[in-house]
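One structure is given below, encoded as structure tokens.
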Amino acid sequence: MYTDLPEEQLRAYRGAVREPVDFDRFWADTLAESRAAGSPPRVEPVAVGLTAVDVHDVIFSGFAGQPVRAWLRLPRAADGPLPTVVQYAGYGGGRGHPLENLLWAAAGFAHLAMDTRGQGSGWCRGDTPDPAAAGPEVPGVATRGIGDPRTYYYRRLITDAVRAVDAARSLPAVDPARVAVLGHSQGGAMALATGALVPDLRAVVAAVPFLCDVPRAITVTATHPYREIRDYLAVHRDAEDRVLATLSYVDGVNFARRCLLPARYSVALMDEIVPPSTVFAAVNAHAGPTELSVWRYNGHEAGGIDDDAAALRFLGAHLRG
Amino acid sequence: MYTDLPEEQLRAYRGAVREPVDFDRFWADTLAESRAAGSPPRVEPVAVGLTAVDVHDVIFSGFAGQPVRAWLRLPRAADGPLPTVVQYAGYGGGRGHPLENLLWAAAGFAHLAMDTRGQGSGWCRGDTPDPAAAGPEVPGVATRGIGDPRTYYYRRLITDAVRAVDAARSLPAVDPARVAVLGHSQGGAMALATGALVPDLRAVVAAVPFLCDVPRAITVTATHPYREIRDYLAVHRDAEDRVLATLSYVDGVNFARRCLLPARYSVALMDEIVPPSTVFAAVNAHAGPTELSVWRYNGHEAGGIDDDAAALRFLGAHLRG
Amino acid sequence: MYTDLPEEQLRAYRGAVREPVDFDRFWADTLAESRAAGSPPRVEPVAVGLTAVDVHDVIFSGFAGQPVRAWLRLPRAADGPLPTVVQYAGYGGGRGHPLENLLWAAAGFAHLAMDTRGQGSGWCRGDTPDPAAAGPEVPGVATRGIGDPRTYYYRRLITDAVRAVDAARSLPAVDPARVAVLGHSQGGAMALATGALVPDLRAVVAAVPFLCDVPRAITVTATHPYREIRDYLAVHRDAEDRVLATLSYVDGVNFARRCLLPARYSVALMDEIVPPSTVFAAVNAHAGPTELSVWRYNGHEAGGIDDDAAALRFLGAHLRG
Amino acid sequence: MYTDLPEEQLRAYRGAVREPVDFDRFWADTLAESRAAGSPPRVEPVAVGLTAVDVHDVIFSGFAGQPVRAWLRLPRAADGPLPTVVQYAGYGGGRGHPLENLLWAAAGFAHLAMDTRGQGSGWCRGDTPDPAAAGPEVPGVATRGIGDPRTYYYRRLITDAVRAVDAARSLPAVDPARVAVLGHSQGGAMALATGALVPDLRAVVAAVPFLCDVPRAITVTATHPYREIRDYLAVHRDAEDRVLATLSYVDGVNFARRCLLPARYSVALMDEIVPPSTVFAAVNAHAGPTELSVWRYNGHEAGGIDDDAAALRFLGAHLRG
Amino acid sequence: MYTDLPEEQLRAYRGAVREPVDFDRFWADTLAESRAAGSPPRVEPVAVGLTAVDVHDVIFSGFAGQPVRAWLRLPRAADGPLPTVVQYAGYGGGRGHPLENLLWAAAGFAHLAMDTRGQGSGWCRGDTPDPAAAGPEVPGVATRGIGDPRTYYYRRLITDAVRAVDAARSLPAVDPARVAVLGHSQGGAMALATGALVPDLRAVVAAVPFLCDVPRAITVTATHPYREIRDYLAVHRDAEDRVLATLSYVDGVNFARRCLLPARYSVALMDEIVPPSTVFAAVNAHAGPTELSVWRYNGHEAGGIDDDAAALRFLGAHLRG
Amino acid sequence: MYTDLPEEQLRAYRGAVREPVDFDRFWADTLAESRAAGSPPRVEPVAVGLTAVDVHDVIFSGFAGQPVRAWLRLPRAADGPLPTVVQYAGYGGGRGHPLENLLWAAAGFAHLAMDTRGQGSGWCRGDTPDPAAAGPEVPGVATRGIGDPRTYYYRRLITDAVRAVDAARSLPAVDPARVAVLGHSQGGAMALATGALVPDLRAVVAAVPFLCDVPRAITVTATHPYREIRDYLAVHRDAEDRVLATLSYVDGVNFARRCLLPARYSVALMDEIVPPSTVFAAVNAHAGPTELSVWRYNGHEAGGIDDDAAALRFLGAHLRG
């Protein structure tokens, strides 16, 4: 069943996300500090038994220079610097297993799949810790350090996402002028944020992005991971203002307002995890050109492999042209 | 939590599956008739936008010569007839999308992913009908035609599985002497049956195979798809003998007793869908050499990508040697 | 809790079901072909140990002349051709057991309870197969052959329903001028379709009819059996147009627009299976006179035995008068 | 899935139900007092629109002479005093609607369907209050007055059940020498108790009887209504001895030990509500001859209409001979 | 997720609760009769091992003079008649254990925690029976005697609540001029009714009060205890008018319209048990001054300990001033 | 229903928990280092509006000297150094609100309720962060840093628990010779560990302690928080040895073997969260004298307030004597 407003209202929905006055400065400072603390990525080949794709274990400098893992997959037959896709994982997952997720390399792209700090124990595995002072929190990362934007988990993860692009661009296999970012759900949120913070990328692909119009999201869905924030507020009853203020620094709507890149979004009208209105809030705020797939009968899986096929076409147009 | 007997009892468990006296004749006749009704496969290339893998749409003659679809994926860079993996899908799924499931081709194998007649609308899509007189049935295919082994759904699907191997071997890209079969759950059941019915294959990979020791399975799990059979018997209260007789013609334990090929199995001790004892019943009955991964903390996903990695190694040893 | 629009909006709700231009021709051709393929029903008495009711096992010619079962129950004490009720079963059920469902015969009607092809393994049993080429489908019958109205399951079942009336009228115990049709949920959908396709019946009773205003139904409920269609579209993402076109040939709203018979409907405002708006869409479109019971506190059971009591009164007025 | 011990252990299972030393005196006194307080039943015809069955509204004197309702259904065509079935309802239900439950009258029996005091608002309706001082209780009746056998709800209901037989036998339509008692679940418990307390009945039919071997039942199932007792003990942690003592006065095993009548039992091996071992405890303790149907694939519905058909045959043999 | 109307609509919501013409007379007569039947409370000290609080076991005369239990907790160090809080329990609970609920005595109030007749076997225990003729009912007390306001359970419980205040005021430790009433959910409903029926109290605290705007409540929530009433109406389909008439005599909105006392309410926007609109209906009808806490992210626990802290402040102001 | 072995097997159950050779050294070093890094507690009075109890906000030095919060509650009327109870919270909870949990102070004890680092957002709130490098983890703390005993979350929490005792003993209101530790579930695990690591305490109270016989626990329950460890192992399939090795350093059975203090345990036979066998494994290993309450009909709430009452008696005997 539809989980949100009627479709015609969705198409016009804009949300009402607050924008902190120091939003741009916050992120400029954050990135500058983390870039200053960074060092070049380390890349080690991994023997996985494939003949068409080579896989490398990457460690790059993320937030505050902290080490973050990734897999770099390269088509074996390819020559010269490649058009490149940097991918971010959905909530709970990490970079996964080297043998997973061969699509982008099989399609001729260099593919950097970033790990997710402190997650990576859910639907696919990860290997990166989140070295941070965690305040009282609901199980999961969505409320970790939520009392202040500077300590909030997603400040760190978004910085990792930007720094993954920096790292990719420093690799010889990657053509730094032809890089796009891509993700589903939390991964879509990271792609969108990165697309706003790194203006010279080529394109953004955000399938059912998480972390958009959060003040509405936490009141219209009862499922995780938005539920974590609701549960936190149910116990810390005096924290609403502080928490909403923190969230405004990472809300995808605020990134969409700043993102001039062409973006492909998808939204699912039966999504119980990421309410469709919150995706429309981002799409309708997006500064650059957008393409949108509306999946009327899908839940959070959205277009699934059909979204991938469309992304392949979209990225081909933007990265190969 | 563990869903079945303690591990030491599992390792010794043998089950008590009935063996029909005409089991071998039943299958010999079935295959002979279907082979007689068959015609050569049709193979059409599909433009999917990959650079490392070529995908072809295959229609081959399955049970009674009925058309069955498959995807054939070939590594673009490969020369000459290839070692080949024929794969069968889990319950509810079909051959999926051409862009899915690139592992085996990326590893240098020809890969034929067979569609599943009348399913293909669950976790991945399919395109093959099941043209058959369906008696009263519980939603799903597990009780379709269950009143008689000749009308039972799995007679048709197993025949398709064997004929998929026949079809693969007739293709120029395939080295007919180096073919293995592989599947998870229902796909594992198909792989095991095919391994028993086509003795000159090289190897079988069956992850948490469905359809083994069915009389026990339907009394120790409450989940689907075994639940379908239980639900049928709960309504058709006079049908127990007839149903169990039918099932004995497709029970994986009876195929394992006849399968001389090397086989890699996996079993998960927290599997709620395929009770681990029923997998051990097959492993312990297997006539050929076996390798077994016991996943103590997994449910029906079992080893997942780790099973795939192990299968890659196992198939490399048996198909490349 | 209420599961749909507020009651005042329900009472005005009309839906927006498409009407195919060839709807009438489609059904005229379908019935003509099936009638041409038919043969007279066979009727065998069954010894069930009752003293007030005689039960007969009936096989009649349904869709394409295919054999369909039914129970014929006759009050033993009755003389001459009787007023007659033809009843259709809810989703999952069949004609049941001869000892069930004695109400209508005990009330002095001839009672033909039609079996449901390919179902009959859920809440009550059946004995009729559905010999048909089933395409990829979600477990259940709601998506069987849904790619084309000619192959769709409900084309066959509606034809069976009409042919059950034809068969009943040919029996000596039945007064062909005094026949009504009745059903709950799927059975109500069959009664409504039959009432539109056989204009010289006396009355229709449709309790919480299924299969009305389907495009809305699949977006406002998450439960089965409408869920089957939604699940199909979630996987076959390119099939929406084709599927909705097929469904328009069997939508109860299109039958209601053509049904000139007096009809008794019931609807339940807490129904999670058949959304109340979809019933109102049929009621408000019904061409003939209607009577409607609105059960404010019931789910899909609706009026239950109170609906039966009302139907008894309604049918008495229309069949005995 | 099986919900209790393996079948061979079930067949030998005897339980360990305590027997109060004053069990027989308790019931003799209870019945004597209630019989002394009684008055003749009142019987009023009800116009329900049936032609084969007449229905009467009965008020008889139950526990302490309190008025209890019932429906009396008589086959219209029958002559003279009839063999009679007194039926008791399952938990939550009452005597239901006059139009329900026509099987026994249609089969030529007088049929008295007793109402259930204070229930009758669940799966079928009732009309009889339970005028009693209820102590602290878990919602439902299973712990009402459970602190003492004299105040316990089931003392009252069992007395009603016995007095329903007394009332039936006083009616002209009933042959007092040919009466049997019948019920499912709670109704089966009442039939069994009545069969022990009224030795000159002809037979007992108890399908999956509730209230047998209660000390075990409350530790091996988590479902209602046994759950009520468990929930009571979870809060009233000091009440275990008192509660188990009370329960021993109504435990079906203690009645079975005293029941010399032929009895037909049924049990379901997948019953989650009445654990099969508790039924076997009664069957194995039954003093008279027993017949047992073991339904291996059913839950609490057990044999359903197939149990009814078997009961019809069983009662025919015992009441018509 | 929010469980009811948007917040701005909630703030304006008034409901449409019927007011019986004899509402005031009904309650005046009820209280007069019960007061006439009463006798002075009995108070016995209980040895519980505390040093700062003394606990007494109280038996007072409730409805119709029937004995009702309570705990009286007194701060040991206090002198002279004390400001007093009379507290009522939520649905399912009773007066609990003497060691529970020490807050109010530790804060210097005399604290009378009334038991709940016939409940007290859920989240905390009770010791008081409900001696009454219960008609057919859904498990629980919400439909006990619902066919008539004079036999309805809540007539008795509200009378107990008023009489608990009478009893408290008769005790030497209590200053009769400084008494307030307090409760959560069902307890809040009792506090509100008592505040309307005993005009010389000082204040009312009602957290998420149950039993307000019941006609709406039963259509917008599917959870217990409102579900009991819905379930009753689903079976007793002819009882709607009678049931709604009965409920109008105990509806909190009708008490709020009459309550001139200062009241502190709280409401939770994610409450699935007591729909927030029904609380606003009471708040917006309240005759006296009100204070309202709106908990946006809480379910039925509402403000929990934060509500207690606010109540402590509120009662301090009204009872100590 | 019972959730584990039959009671007689439970009473004899011993488990098979590994004991690391350096267990004692590990803890001696850990405590020595943290004590070396510590500083005296800070204690601030909190104005909460109570008259019988004073509450203080405490910050003490926990693991590695990191600041940990607690509430200190003191009976206002008491003189001189008091017998003292240090309490630890269950999983998800923190020190809660100052107005909660007044029992121990009302009974005349000094009461230090320790906060739980990084939790405190579930059933009651907390205020203490967990500043640590968290590796890939399942939401929750049970797998935080589980790859090595030195980085594991419970190393830190157990150290906090010991240091809370150190802090309490340094306060003037506390008699350092009369201190006991107490907790439920996770809190019971902390109490048991502290009782083993601080030999001069007076007593331990552990209700349904978590973290005992963990290797068994994770295979016999499917619920949280043990589920977290199972879920971790389901993804990190190669980590079993490392994880079980880490867990052996914090397993309550290893602490019980070393704890010479008198201990009161409780266990619940219907506990789905902490399997009863795992509690018996600790009880049966306990080196000192034990008292055990077996709650046969309770889940994880176990004895609840009845456990508290028994603990009050037990602690009175051991702390006041």
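We call the chains A, B, C, D, E and F, going by the order they appear; numbering starts again at 1 in every chain.
Heads up, the rule we're going with is that a contact is a pair of C-beta atoms (placed from the backbone, for glycine too) under 8 Å apart; a residue touches a chain by one contact, two chains touch by 3 or more.
All of these numbers come straight from a predicted model, not from anything done at the bench.
*Asks:* Which chains contact both subunit B and subunit E?
*Replies:* A, C, D, F
*Asks:* Quick check on subunit B against subunit C: do more than half of the interface residue numbers occur in both copies, making it same, or fewer, making it different?
*Replies:* Interface between subunit B and subunit C is built from largely the same residues.
*Asks:* Averaging over Cα atoms per chain, report the distance between subunit D and subunit E in Å.
*Replies:* The separation of the two C-alpha centroids amounts to 38 Å.
*Asks:* Whole-Å distance, subunit E centre to subunit F centre, using C-alpha means?
*Replies:* A distance of 37 Å separates the two centres.
*Asks:* What is the distance in Å between the mean C-alpha positions of subunit B and subunit F?
*Replies:* Here the centre of subunit F sits 50 Å away from the centre of subunit B.
*Asks:* Listing for subunit A: what residues touch at least two other chains?
*Replies:* In subunit A, the residues touching two or more other chains are 124, 306.
*Asks:* If I apply the definition of touch given earlier, which pairs of chains qualify?
*Replies:* Per the contact definition above, the touching pairs are A-B, A-C, A-E, A-F, B-C, B-D, B-F, C-D, C-E, D-E, D-F, E-F.
*Asks:* Could you list, by residue number, the parts of subunit B that touch subunit D in their complex?
*Replies:* Residues of subunit B touching subunit D: 218-222, 230, 233-234, 237-238, 240.
*Asks:* Taking the touch rule as given, give the residues of subunit F at its contact with subunit A in the complex, in rising order.
*Replies:* The contact residues of subunit F facing subunit A are 92, 94, 118-122, 124-141, 143, 228, 231-232, 235-236.
*Asks:* Provide the residue numbers of subunit B that touch subunit A in the complex, in ascending order.
*Replies:* Answer in residue numbers: 48-53, 75-78, 96-97, 99-100, 102-103, 105-108, 124, 305-306, 308-309, 312-313, 316.
*Asks:* Quick one: which bits of subunit C touch subunit E in the complex? Just the residue numbers, please.
*Replies:* Residues 1-2, 269-270, 295-299, 301, 303, 306 of subunit C touch subunit E in their complex.
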